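The data blocks that follow each hold one structure.
Common to both upcoming complexes is chain A, partnered first by chain B, then by chain C.
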Partner chain A sequence: MLLRHFLSRTFLSQSFISAGAATAMALALASCSQPSTEGRVAVTGPAAPSISSVSSERRLRLMTSAQYLNTLAYVFGPNVRPDARFAPLQRTDGLLSVGTSIAGVTAGQMEVYQKTAASVAAQVVNAENRKFLIPCAPKSETARDDECARVFLKKVSRLLYRRPLDDKRLDEWVAQAGAGAERLKDFYTGLGSALEGMLFNPQVLLISERLEADPKTPGAMRLDSYALAARLSFFLWDAAPDDLLLKAAEKGELQTEKGLAASVDRMLASSRLEFGVRAFFDDMLQFDLFDTLAKDGSIYPNFTATTVLDAREQTLRTIVDQLIIKKRDYRDLFTTRETFLSPSLAALYRIPTTGGWVPYEFPADNPRMGMLTQISFLAGHAHPGRSSATLRGKALRELLLCQPVPRPPANVDFSAVENPKSTHRTARDRVTAHLSNPVCAGCHKITDPIGLALENFDGAGRYRTTERGSPIDASGNLDGKAFTDVTGLAAALHDHPALTTCVVKRAYAYGTGGPADANNRATLESLDKSFAAGGYRIPGLLRAVATSKAFSQITTTPTATADASAAGGVAK
Partner chain B sequence: MADFNRRRVLRGILDGGAVTVALPLLNCFLNGNGTAMADGAAMPVRFGTWFWGLGMAKNIFVPKKTGKDFDLPEEIAMLAPVRKDINLFTNMQAFRDTEANRCHFTGWVINMTGQAPKNGQNTPGETIDVTVASQIGRTTRFKTLNATATGDPRSTVSYEGYNAPSAAEFSPMNFYTRLFGPDFQDPNAKDFKPNPQTMVRKSVLSGMLDDVKALERDVGAEDKARLDQYLTGLRHIEQQFEQQLTKPEPRAACVAPKALTREPAAGGDAELYKARHEMLTNLMVMAVACDQTRVFNMNYSAASANTVKAGYEKPHHTTTHEEPMDEKLGYQENCSWFTRRAMESWAYYVKAFGDMKEGDGRLIDNMLIYAVTDHGFARVHSLDGMPAFTAGRAGGRIKTGMHIATDNSTVARLGYTVQRVMGLDIPSWGTRSNNTSKEFGEILV
Partner chain C sequence: MKHMPQPSLLASGLLLALTIAPTAFAQSGAQDSAPVIRNRSIAYVMTMEEWAMHKTPGAKAECPNGMNEGPREQFKVLFPENGPKRTVVGTQLAREAQVYFPTPETENMPFREAVGPVVPGINLDGKVDADDFTSPDGVKGIDNQFFRVIGCVSSYRDVAALMVTKWRVDNSFNRVVIELTDVDDLGSDNDVTVTTYRGLSAMLPDATGSGYMPGASQKLDMRFGKDFISSFKGKIVDGVLITEPGDYLMPYQALANVSTLLFRGLKFEVRLSQDSAEGYMGGYLDIASWYAQRQQSISTHHQSYGQESSPTVYKALTRLADGYPDQAGHNTAISGALHVRFTQVFVDHPTRATAQAGGAAAPANR
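Moving on, here comes the complex of A and B:
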């Protein structure tokens, strides 16, 4: 895992446009094409056959700050890293990614975009970085040099716009850089002003999808090659396409089954897949909640700001290790005892550890088993000062099984069962009392029997056997499967049919940017079968989604018509 | 004053790098008695909002007496120092008609848009602050400013469109940088040095406007509105560049604060809310005094407030549902504790603007703040019995110090009133049962 991180960072430590780019790319691809025995993704072969005749919708997605930073890291390398704090997105149909397809742009956001772009541009052209990031030197640093400006802007614009710029627009950017250089008497500042404009350009920050007629299906529309490259890249790498993917688009390879499969397999084998997988699960598990999570320090003094960061990281590391590096069955994520520990988490797990992140396996007699018993789930779905069977049960239903839980009625009154003078000492006592109220019972029967199995863990995720002096009964039932403790819940969840259909649904929605609903039934059923046939391996699922017909074929609407002027596939 | 027309001063100096422009004394920009600008224009009237979550407890919040000199029950006793500057409206209703009661959303959305939301995520359209900003906020550096004491940028009740919430600034240090960092132009500085790089930046924007239009061919009809938003955003940036190239009018009260070096830690503790709120409020007051904005929003807590009381296991929202009613007190003690903390911060907010001088008067005399919540009676999350406040005299257009107990009026009536006061020529506001063309005449001068 650490090796993988090292490789990842090494890859990103070279920018694409730097003088050493060719070497870096060669090294990176060499490592990707020869996966280690520890477990590169080895999903090869021709693209999956068309899984259905259905299609997805054309989207206009707003780039996230992570996608922006990942793209910049590829284009300019790690020395250029602004503080990009884009506005939070609204979760839609379970995913922020779907929210990007409807998100508006406010004046305040535009300010952030401009400031971020200015910061990036200034870093790129500063005296230190220009030597590596600008592939030519001007004849004079105090005057315009259109030739050098063109070399740089042409190269960068192709990566930022995700397709080549047409000559007219490129001329305009070059002229802009020249005019800036003349006015400011500084070639680099002039060039930076053009780059700054490019970096918050609508065609860069808004991910639009250009269509073309699908020659294989008369009357149907599909993404053009560059739009498909972008959809693939944001799906699998959480970043804009790299040079090779754009070249594949340019050659039309992505529109053939064989060419598409080759590109997807290359992307799955790349170290950059880790960014994509992290982003997908961070979204699906609603880990943005950690952006604001805090506990009451007087109740949980060991739960610090570092704990919040590490709890999120622990689960993401476990996911990457289990699902991508070791290629384990997705369902095993909920029963595995393997994970990673940091010092701040070790304090809550009550396990001695050395500094930094280390792999750790909980012993067989330890109640910690699977993702549900990690701090991220236990503390993330609890109150600041106590546990919550309801919040945990609700999270399990909604996040992992894609089963929405109805909102409570406005005037819900729990005070009778929460009365401190009452005899309800444990969460189970209180929940049982809720269930006697028919108004409450409808929803709480869906959530609480699951959440009660996690009551051996307090609001910070620490293990306990009693609450207010009374022993905790962690038995429960998940849709007919009874268990006596959290390990039984993990096993029941592992075998729950909705566990796998949910991640399929989320992956498809995440990749296409729209809700996965009844309109996509045929596609989803086909993906479900493919996922099962492949042993529930996430790389296989990602591949099936990326190569599915629905991923690239677009629902025909009155507005979705081919534009003859776009035949060249260039940005205007 | 006419001799110092801003464009005239700037003419020809942009290419000249550093330029020193002699300026007259500040007081020559005001008229003789400090109640208007020297050219006779009235002091600008500013508009703000303030939001707190989870309403109140009626029996200890709603005064018995109406009109002037109303009593201050224990849950709002802390408003005594600012009573003369506020109006309190009680017993209003947010009518949801046939829409579902989307808890913690329907109430404030009707307050801010006059319409019941059709889902639990997006507002029916722009909120009242954005509408007012389109009227009065076009000449300042920021059309609106949004801040929140919760630590969460999603704590906002300001939407530029149905899908466009304005993220709230939650970090005082970041807010400082945005307001008074390198891009701040002190309106009282002796020297004015327009940055030639800003002119270059501005020229880049014209091509980008074309890029937005070019995108239209690649999007569906429903996304064209989003492109329009982008276009509007670019124009906002263009306007900011324009202002950076323009010598600002002096503002006597404007004194850029010292840079912040620390801020409260993350967390929901009420003490942290209070500290953040104070720091953000102080910055907001100075931003208004420096005429950086004329429209601003502050969220003390979110709807469905999750404020925490140290050592008490339930956050505010959970408390409303789970805390038993204290039979002796007649209310939920801890729940009211949270509301009282909110009201203390409301008092701080009003006082902060009241303490700022402007001309011969106070800043708050030239502003109108509209303070709303998401529910009426916190314990049952009601949409009736809803309270709201205004603060400030709006340049002498309204009276203050009054309690108006309505007979179940729509909350939109107050929203309509404040928009009229702010100069919007609208015959009515709100939809269905929230539609109204009736102002609160009691407070109008």
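Moving on, here comes the complex of A and C:
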């Protein structure tokens, strides 16, 4: 069923804001000759910021499986970990997190939620875990004990619902636990049945946002304290709020500048920030592609299932290390030679290692430099049996510069690039032949000069200097900046102005759960300036987003948005 | 023993398979960003082993008299069902005692030897004797009397060979690593040193499911694996490593039991490439060591699956033994060879402190 139908019984009083309608408004791409900047080009001339330009939209989002597991890990500890694999989400405007606002829930998915909830509840009340997860002992294990059940359910419901339950609803859960205990003559089984119901409740699985009038801005609405706590927590930790954040919400601290800053700073200093940062970049870099990535084993025998997992992990480890632990400039992510290696990746790179994940720095004369030369990017944006300058160029444009690339025409002739008996020996030769078709040339000019700079790496990411016996020419051009090899591309990307504005845009959209577009221009420009002033440090960007007025102030007027993913794509 | 035979692998069609056939539209010409020969050394980990044998369909050529019978078949002959009333001690246990305390004199069951003339292996003594074989590529004087013993025993053919390879790669106890040092040229080098080690790291299977990734790393066991460290002087001729003979104790775990195998006068004849190596390790198997290893690894009921009767095999071993005579003049070892494959690895030598803590330092030639 559609999410809105799923919610109708539970959220009648809470409007579901316009997300579905938004996706129907695809951004029209005027031309293939220049990459789009996703909507911001349409807005011209200075204007006084209106409420809607410094506010975000109210969202109703479906919790991801990672968020669910992270929340459970906080509430019940890391030992309670079900095999939760929720249905894939629809990527919208470059982010899955935006897609959570327009997700549908099928009957099959409902069954998955129910089974997951049952598994968790059983683990929590089992004889081994109940001793430390349930803070009281019943008077009798074979009878109901409403007092003890209330103590436990009140505690966990506040964390799972992300706000205190009212007494009436809590009474219902206690009654359910008691009825189960009576019927089954087992206190813990009864308690488990109530917990299962709670874990499967739409108000737990769906992140709804309640509003209140903003006393600081007459006529404006803002997230109430608990909704703001949830938005902050899912943004920075990829999990529901912890006890301290809920306490700050209870006290109203989050609605003051000082209190909000204190909570955000505490969250940024927490080790749980790593979960949030990994989730954000996993989403932004579209690493869900690794869930289905496969290579032809006869062509790339050294690219294994382990390689797929480790390639994703390598980049995420590098990101966390560079951006969070060492607090480096975001742009340096694309030029750094520091990374991490697993045994499987070390074999693919052909580098000696000592086992496990270890830090590694490529020497200065090594062609590996920055994230573009990691296996995740090189193999993730290539074909199963060969590299692809177009896919790599397209990924760079769309993922890192937020520049959607149009889809290829339906009748495009791919024979020049896909013929295995082609007389064209290198990718550059094949692409050049393909570009003889003027219909194709317009869009490929956007992608291929970038992607060809990565041709020194085959479809599995292994370094090479020749292809089919011919030397590889890795020269190229990124928006007027020419280079001769991948290190030149890395430097050009490092200095590209869209690199930083893109991550700002993604971070804002990720945090607020909706597409960032022309309506958010004032906020994005402010965040861009703040990011630059702070030396392009990601913790600073996250702080700026989380403490921005737009993060908590909610527009009451639905706005049109662009669906870049629906508009992107060219010949592969 | 000092005579170096003609490299029997140079013309071997088998080794030509090492050349990677270009796949249509594959990204050929891929080069690694770093050389695999570093500090004049290159290492390999063993990924496959099987006893060097000549095998024809149905074993018709090498076993003209058929395959040997195993413990169950022999038991029926020794103790027919219509015989006198017997005890367990007088039958099963008596036969089991012969497994663990074999005596050639008392063993009278028939044995079918495998025959040549074509059998792979290495010419260990540099001579061409009447009982020697000729290799598939025409090299004469191949010393492989062990083939006569096991060539017609089902345990050592096909499926059984696969099991040995599985044990080799699955059990870290069995991880055999060789490191070539003083290497100037993988195609031709007059003076290299080969050192054997036991590795400690897991193998990395490749995406085909049948091979292993070159470029992986192996941590060397300089503590509990020091008994498996041996050094051999050698040379590389036309891409084939040929070593002088030396003794080698090989880790050999099958199923759950650890054991070892002692080779006397072992030589390597292995074709090398940057990614892999394949060829033969041939020497004189110490019979006591081999037999003990066999009984520790494979119990009678497992041997029964492959029609392998140890008392009968032992008698054949002692009869066909052709090296290392004892003071009484009885040969204590039998010539044989392993067909082996290796994949290139980088080796991680433990630090000096670790080696000292473990009681074993790196060999002097490093």
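Basically, the second predicted complex is superposed on the first by the 495 of 572 C-alpha atoms of A that agree within 3 Å, B and C clash if a C-alpha of one lies under 4 Å from a C-alpha of the other, contacts with A are read in each partner's own complex, and residues count from 1 in each chain.
As a convention for this text, a contact is a pair of C-beta atoms (placed from the backbone, for glycine too) under 8 Å apart; a residue touches a chain by one contact, two chains touch by 3 or more.
In this text the structure is predicted, and so the values were computed from the model without any measurement.
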(request) Overlay done on chain A, so just call it for chain B and chain C: clash or fit. (result) fit
(request) Pick one for A:190: touches chain B only (first), chain C only (second), both, or neither. (result) first
(request) Identify the partner contact of A:103: answer first if only chain B is touched, second if only chain C is, both if each is, neither if none is. (result) first
(message) Which partner chains sit in contact with A:366 here, chain B, chain C, both or neither? Use first/second/both/neither.
(response) second
(message) For A:526, using the defined touch cut-off, is the partner it touches chain B, chain C, both, or neither? Pick first, second, both or neither.
(response) neither
(request) Answer with first, second, both or neither: which of chain B and chain C does A:201 touch in the superposed model? (result) first
(request) Considering only touches as defined above, state whether A:292 meets chain B (first), chain C (second), both or neither. (result) first
(request) Could you look at A:466 and tell me whether it touches chain B, chain C, both or neither (first, second, both, neither)? (result) second
(message) Going by the contact rule stated at the top, is it chain B or chain C that touches a larger number of residues on chain A?
(response) B
(request) Go through the superposed model and pick first if A:385 touches only chain B, second if only chain C, both, or neither. (result) both
(message) By the touch definition at the top of the document, which applies to A:255: first (chain B), second (chain C), both, or neither?
(response) neither
(message) How many Å separate the nearest C-alpha atoms of chain B and chain C in the overlaid structures?
(response) 6
(message) Output the chain A positions appearing in both contact lists, the one against chain B and the one against chain C.
(response) 295, 297-299, 305, 385-386, 459
(request) Could you please specify the touching residues of chain B with respect to chain A in the complex? (result) 15, 101-103, 120-122, 143-144, 146, 150-154, 160-167, 174, 178, 196-197, 199-201, 203-205, 207-208, 211-212, 214-215, 217-221, 223, 225-227, 229-230, 232-234, 236-237, 240, 265-269, 306, 308, 310-315, 318, 321-325, 332, 379-383
(message) List the residues on chain A that touch chain C in their complex, please.
(response) 295, 297-306, 343-344, 346-355, 366-368, 385-387, 420-421, 458-459, 462-469
(request) Would you mind writing out the residues of chain C in touch with chain A in their complex? (result) 23-34, 36, 38, 201-202, 204-209, 211, 213-217, 219, 346-348
(request) Report the residues of chain A in contact with chain B in the complex, numbered from low to high. (result) 58, 60, 85, 87-88, 90, 92, 102-111, 113-114, 118, 169, 172-173, 176, 179-180, 183-184, 189-190, 193-194, 196-197, 200-203, 206, 208-211, 291-292, 294-299, 305, 308, 383-386, 407-408, 410-416, 418-419, 459, 557-560, 563, 565-566, 572
